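Letters A, B, C and D name the chains as they come in the text, with residue numbers starting at 1 for each one.
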Amino acid sequence: MALKMDRDELTAFLASHFPQVADDFAVEALSPAEITIRMHVTDKNLRPGGTVSGPSMFSLADVSIYLAVLAMIGPEALAVTTNCSIDFMRKPESGADLIAHARILKLGRALAVGDVMIYSDGNDSPVARAGLTYSIPPAKF
Amino acid sequence: MALKMDRDELTAFLASHFPQVADDFAVEALSPAEITIRMHVTDKNLRPGGTVSGPSMFSLADVSIYLAVLAMIGPEALAVTTNCSIDFMRKPESGADLIAHARILKLGRALAVGDVMIYSDGNDSPVARAGLTYSIPPAKF
Amino acid sequence: MALKMDRDELTAFLASHFPQVADDFAVEALSPAEITIRMHVTDKNLRPGGTVSGPSMFSLADVSIYLAVLAMIGPEALAVTTNCSIDFMRKPESGADLIAHARILKLGRALAVGDVMIYSDGNDSPVARAGLTYSIPPAKF
Amino acid sequence: MALKMDRDELTAFLASHFPQVADDFAVEALSPAEITIRMHVTDKNLRPGGTVSGPSMFSLADVSIYLAVLAMIGPEALAVTTNCSIDFMRKPESGADLIAHARILKLGRALAVGDVMIYSDGNDSPVARAGLTYSIPPAKF
């Protein structure tokens, strides 16, 4: 399948639709059904001991699959997260960004399913893994 | 089982250990293996259209079970979220706080399992449902 | 909401559409959005030590929500499981049937979400808990 | 990490500990933290229309990660499934075996986490994806 949005279009979409969080994320790589997203970890993402909070990792997983879906179906379509199952496996490193590798496993008319692995930048052992489902509302005419 | 912490102790623990988010949450009710938490919804939790963001709901689910576990095992113990599966079922209402009803289903030596239903304050239809697992590290002597 | 099928109709539907497993299950109670299902535990469900296998518990969770959804939308509609997240919390008792209490949390046009608690018959501590999502295909005209 | 069991040892373990299901599965490939399992699909796995049942796919996911964990920790250790989140994405093909590619993402002292992709033999689009967590009881001395 072909991409309907490129990196610049995804970045612009994020800035205009989600201004509160757009600065936290950067699209590092994009290809059909696959995306890599960097999360700039700042103080607001941290918990005592310097580890990144669970909600921050959830947020990164959600944004990554959302953008991967959007890149395939285009910006006019709305996708809504309906389910996320996330495993937290290791403590993220203090002071490192998080890198998410996400892929779309199914892109149906009504549902999209993807999974994502999250790493501390520069470390090969995943800190979290998630599977997400999005509901894609019928196109409006 | 008896509670090892009461509402005031949970609130104080949250304020001292998680100062960044403590003001967002209030313990509304507490009994053995059950807790009700209110999330004060503010602008930072909102998405376009006034709906509460997914990460905010995840955060509420996580805090609710965490505090319910802590109330049972005491503040010296650390519990770490290992898994969360969350279903987003309806859009939260704009301008309403979120209310989480959480319960502990299993409290073992090494693992605790709980589930939580999240509502917009004043509405009977749940907006989200989650199941969470916590790893309870061995007590240190 | 009203029920579109009663206990006898659900039992007959199971017998005609799923003859391989129909004898394993009995509808114990049914009301709008809630159902109680008994699983007759036999040798084929057991693992060494007399415990009930994980796939058997998954099967019970799946059948329970499926029948609860069907009771609400009627037999002509097809519902397909799209996601299940299941927590196994305790070993089921040897020699006891399993009892599932399931409820529908959301019944939308395209998706139904439910959760289920599974018990060994006669024991109050749940052995498993699951959340399931079903995709409901558009009605055919 | 090194393997503590090879293909023949896993196959023998399955035959002696799970005789009811051992014939359904074959270890196709094994390397540290990765395993490929074939499920021989027979009539008992089928649903009306020739599709493979959900419990059969769950069973394959569970066995695959279980054997991958066992290969790493050895046969004397017992691992118990504590959580499974599975997405059913496409109908398996009628008349084709199922192939599971599983990998261990974390192998801790107390918990192992893995994920698995399931395919109809000969088809590149996954029919299901699952993440599983196993509790590894402390070794007995």
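The rule we apply is simple: contacts are C-beta pairs under 8 Å (C-beta built on N, C-alpha and C of every residue); 3 or more make two chains touch, one makes a residue touch a chain.
These figures come from a predicted structure and were not determined experimentally.
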For the interfaces A-D and A-C, which has the higher count of C-beta pairs in contact?
A-D
Which chain's C-alpha centroid is most distant from that of subunit B?
D
How many angstrom lie between the centres of subunit A and subunit B, each centre taken as the mean Cα position?
23
Rounded to the nearest whole Å, what is the centre-to-centre distance of subunit A and subunit D, using the mean of the C-alpha atoms as each centre?
28
Averaging over Cα atoms per chain, report the distance between subunit A and subunit C in Å.
33
Among the residues of subunit A, which ones contact at least 2 other chains?
82-83, 85, 87, 89, 133
Residues on subunit C engaged by subunit D in the complex (per definition of touch):
17-18, 20, 44, 46-48, 54-56, 58-59, 62, 80-89
Show me the residue ranges of subunit C that touch subunit A in the complex, using the header's touch definition.
82-83, 85, 110-111, 133, 135
Taking the touch rule as given, give the residues of subunit A at its contact with subunit D in the complex, in rising order.
85, 87, 89-90, 105-106, 113, 115, 117, 125-126, 129, 131, 133
